[in-house]
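Have a look at this one before I ask anything.
We just call them A, B, C and D in the order they show up, numbering each chain from 1.
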Amino acid sequence: MAALAGDTGGADLRVDIGSLMLANPVLTASGTFGYAREFENLINLHRLGGIIVKGISLHPRQGNPPPRIAETACGMLNAIGLQNVGVERFVSEKIPYLRGLNVPVIVNILGDSVEQYGQIAANLAGVEGISALEVNISCPNVAHGGVSFGADTKMAAAVTRAVKAAADVPVMVKLSPNVTDIAAIAVAVQEAGADSISLINTLIGMAIDVDRKKPVLANMFGGLSGPAIKPVALRMVYQVARAVTIPVIGIGGISTTEDALEFMLAGAAAVQVGTANFVNPRGAEQIVDGLGEYVTREKLTSIRDIIGALEC
Amino acid sequence: MAALAGDTGGADLRVDIGSLMLANPVLTASGTFGYAREFENLINLHRLGGIIVKGISLHPRQGNPPPRIAETACGMLNAIGLQNVGVERFVSEKIPYLRGLNVPVIVNILGDSVEQYGQIAANLAGVEGISALEVNISCPNVAHGGVSFGADTKMAAAVTRAVKAAADVPVMVKLSPNVTDIAAIAVAVQEAGADSISLINTLIGMAIDVDRKKPVLANMFGGLSGPAIKPVALRMVYQVARAVTIPVIGIGGISTTEDALEFMLAGAAAVQVGTANFVNPRGAEQIVDGLGEYVTREKLTSIRDIIGALEC
Amino acid sequence: MTQYQEKASITRVERLSTQTLRLTMRSPLIAGAARPGQFIMIRPSERHDPLLGRPFSIHQATGSGTLQIYFNVVGRGTAILASARVDDELDLLGPLGRGYQLVKDAPACLIGGGLGIAPLLFLAKERSRGGHHAADDRIILGGRSRADVEPLVEDYAQFGLSLHCITEDGTFGEKGLATDLLITHPLSTDTVIYGCGPQPMLAALHGICVKSGNPCQVSVESVMACGMGACLGCTVMGHDDNYVHVCVDGPVFDARDLQWQL
Amino acid sequence: MTQYQEKASITRVERLSTQTLRLTMRSPLIAGAARPGQFIMIRPSERHDPLLGRPFSIHQATGSGTLQIYFNVVGRGTAILASARVDDELDLLGPLGRGYQLVKDAPACLIGGGLGIAPLLFLAKERSRGGHHAADDRIILGGRSRADVEPLVEDYAQFGLSLHCITEDGTFGEKGLATDLLITHPLSTDTVIYGCGPQPMLAALHGICVKSGNPCQVSVESVMACGMGACLGCTVMGHDDNYVHVCVDGPVFDARDLQWQL
């Protein structure tokens, strides 16, 4: 079936992430979809539920030295080092194109300190064409010896509060999976005012080049993503969806319609497609098609019927 | 090359795990090698560095209802539920065979409470044919609402102390990877007297059957193992090897000689082969061969030369 | 009971219907040791995805080293096997598990439903070789439709057992379920029943045998990781509320030793 | 610059030496849009292991929809491609990146080392088609040994460029490194050099051109995940201490725009 623009075969795929309304639950994950323009020849961008852009910091970042990528079993490690053009150039160079797409754009933000997070949110406030912020709390807190903001309920809450205080759009907080108790972090950011929660970011991993006796990545450690992490992601999404009342967005190894359905059954109101975009750029759009077919085939009133519908 | 019994091509593969001396660094991981007899037709058991048996509890355990297994991308989930015959029958039914193998046998133990761990260690003290205990601290602490002993420095240390107090053989503590700071747990069990540390146990994961709208596993959650988790395991082994002075044994997705070398370069004095035993029962023995060939080809004095030899 | 890990080379690929295939392999060690009702694990790929081996009943094994499986394409592993070509190599583990206990002096009824007819060919051959009164033996092949049954009829016919075919849609043989034939054509009470098929069929079979008093051996399935007793993954509930492991305690069980959900 | 994700069917598999192969595919959209020096990403498997696509230079592309790659078997992905058969389908993405900038009125020297000779065939063809004075153009094919160079000589010879072969072990053509021929046979200073090959060769080439003043375009490699600017994984250091991305800023760069480790 050659889907028309915006067409989901008549099926109701709309989902609400709090006050953020999406035409369908398929978003593209930060850092895996560039600034969307890279995909314009390959996919109908306006058929996506939304686009999450590469993480933006207050100042431009050069990123890590290469190699930045290592393939692993059913996954990959990345140590991009959050390379980005900085909030100023993002607004002047990237937003105009994104605004023209007529698709919700969610800006992923990151910082070295609580203040920086607040500052970026402030800089983005009032910028037209931004539907929400996604707060990447997996970054190292420079003031606390580089421990990730996402590793601790207090720091996670502090970042959330700082962003909420400055933002004029809904705030989605993106959790790090490298923690003992993900539900506790989720509850903390909900209490700090988050409008929704997305998870998971990458698992910290490493690969070694035996011949050179060196880490494959120049940065030594990298973030593990792809199908390999799906079982961990699904478990955490289930745990978080049970622990909070705000909407949860599932991420981790999603590459097929069935993967997306698993996350939604576990409680996700929407999903993000990440690494799969590299392997099959059409994948996210195919999932939109697939969800439409699922709703029709299963005679559902809406895709919303399956959110959290897991029978245990 | 058809290797003779015990033959490692003349290469020195001996490693010491504290006072526990192994002919080579290749062990088979608990729960993936039964009680060794299952493999007697398929592998030369006496060529292994050592055998770690399925986890033993104080009383027999029935385990979880089926399905207990789900395949995932480059990995599998298991929720066996620690089914085992209990320490008494283990000693009477399994030890005699294991004793006859003339290979170090390490008994993996588990419990619901700190006291149970100590009790099993006490029951195994004096039993001939046991070279070491491996303490699985990933089990839920029934007295603390089911939080894993391995999730917390204090509980992990308490279990370690209880086992150390009762054991008459070296004690290897096996860490859970489902924690924020694995190095902190490692330091805690070292301080509590552990003779060595093995890691990682499985990551907690989940799989969902979309057709049935149910978790694939009857137990809902399961432990993720196999090549998918190797990058996380390698990173944690590296972190722990830097944090402690006792020997570290690497586990997680090892299925080839190269995998084993990666873990040893990262700091592991020995490795355990787990899920790979299911897929290629000869795999562990092939790794012993491969390490021998490596030592010869690289003209090393001993395989010990590469432990922690990663250049960063 | 010796087991082998053996590289088998494929000598023949037969597509018997849109969804079913038969692979013939050279696997002398495993074929030489195999008994009817035992199974093998086949690793569908050298790569890590899919990771685990897949269990298949031994459809046929000869002293000359030939091994056959008969299978349905249901997922990724079987799709890979379906694309195998002659001379490709497969990594096998086997023979695994406990097969059928041949009861020498009693008549036999082999009853298979769907893919459950796979292991019965080997059993029929052993039965006929054992010098049993093959003519007293009966075999019932059931399936949903013609394509499930017809392609294998000739193979089963060669052993001289009395052969009955039945399909749910009546497109081949009688119309109905395999177990229906036990009601319409009752067996002598000393007949040993050897069954294989989907869970509901086996449960029904057990129910019939409990009533009639016929001994009944059934081959059951379960999700497996290792196939050899190492993972403890393949449990099913035994009659005494203790778990049994399909890969080592079975796959063939006395039906009375298991718990059945009807 | 339009890109396509296209299923290509393999029409020919040539094994050119023990380690090298050439695949010919039908891929009309990508072949129709391709320029010399651009590359494609090939997904070696529909399964998740190996996961990522592999980048390959476009060896040849025709208006009639034929696309070729020439490659070395170095790991898992290329081993899978090496086992591909005619009529197999491959998932392609392309054409990707910025290719060679053809400078119309200047003579050209194409210089390739090892697998670096892959993209030069397409370039040589475009050069000869463009109505350039092909006779003034030169192509240097270097390799370790005879097997690296000989199988492609005929293909390169057809375009009428003056062809020089050189191998490190002297088993084919002259003995030495490809760049040696630039020293022994100096070029007119207006000659544009188009290079492709291993990093040390390109670094040497850059060194020579800096001295001689010749413009030099080189195609470089880097580890890639996406091939299209989305992952930011394929960085190399630019001359101004800013990272550039091989997949979108390259793979062909003016050699002066990069930092070289000699």
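Please note the rule applied: contacts are C-beta pairs under 8 Å (C-beta built on N, C-alpha and C of every residue); 3 or more make two chains touch, one makes a residue touch a chain.
Everything numeric in this text was worked out from a predicted model, so none of it was measured.
S.K.: For chain C and chain D, which third chains touch each of them?
M.R.: A chain counts here if it touches both chain C and chain D, which gives A, B.
S.K.: Among all other chains, pick the one whose mean CA position is farthest from the mean CA position of chain C.
M.R.: Greatest centre separation from chain C goes to chain D.
S.K.: With contacts counted as defined, which of the two, B-C or A-C, has more C-beta pairs across the interface?
M.R.: Greater number of contacting C-beta pairs: B-C.
S.K.: Could you please state the distance in Å, as a whole number, between where the Cα atoms of chain B are centred and where those of chain C are centred?
M.R.: That gives a centre separation of 36 Å.
S.K.: So the centre of each chain is just the mean of its C-alpha atoms; given that, what is the distance between chain B and chain D in Å?
M.R.: 47
S.K.: Mind pulling the chain D residues that touch 2 or more other chains?
M.R.: In chain D, the residues touching two or more other chains are 48-50.
S.K.: Hunt down the residues of chain B that sit against at least two other chains at once, touch-wise.
M.R.: In chain B, residues 73-75, 226-228 touch at least two other chains, as defined above.
S.K.: Linking chains that touch, what shape results: line, ring, star, complete or other?
M.R.: complete
S.K.: Enumerate the contact residues on chain C facing chain D in the complex.
M.R.: The contact residues of chain C facing chain D are 45, 47-50, 76.
S.K.: Where on chain C does chain A make contact in their complex?
M.R.: So the residues of chain C in touch with chain A come to 48-49.
S.K.: What residues of chain B sit close enough to touch chain A in their complex?
M.R.: 72-75, 77, 151-152, 178-181, 203-208, 210, 212-215, 220-222, 224, 226-232, 234-235, 238, 253, 258, 261-262, 265-266, 306, 309-312
S.K.: Spell out the residues on chain B that touch chain C in their complex, using ranges where they run on.
M.R.: 31-34, 38-39, 41-42, 54, 62-63, 65-71, 73-76, 78, 80, 83, 226-228, 255, 275, 277-282
S.K.: Would you mind writing out the residues of chain B in touch with chain D in their complex?
M.R.: 73-74, 227
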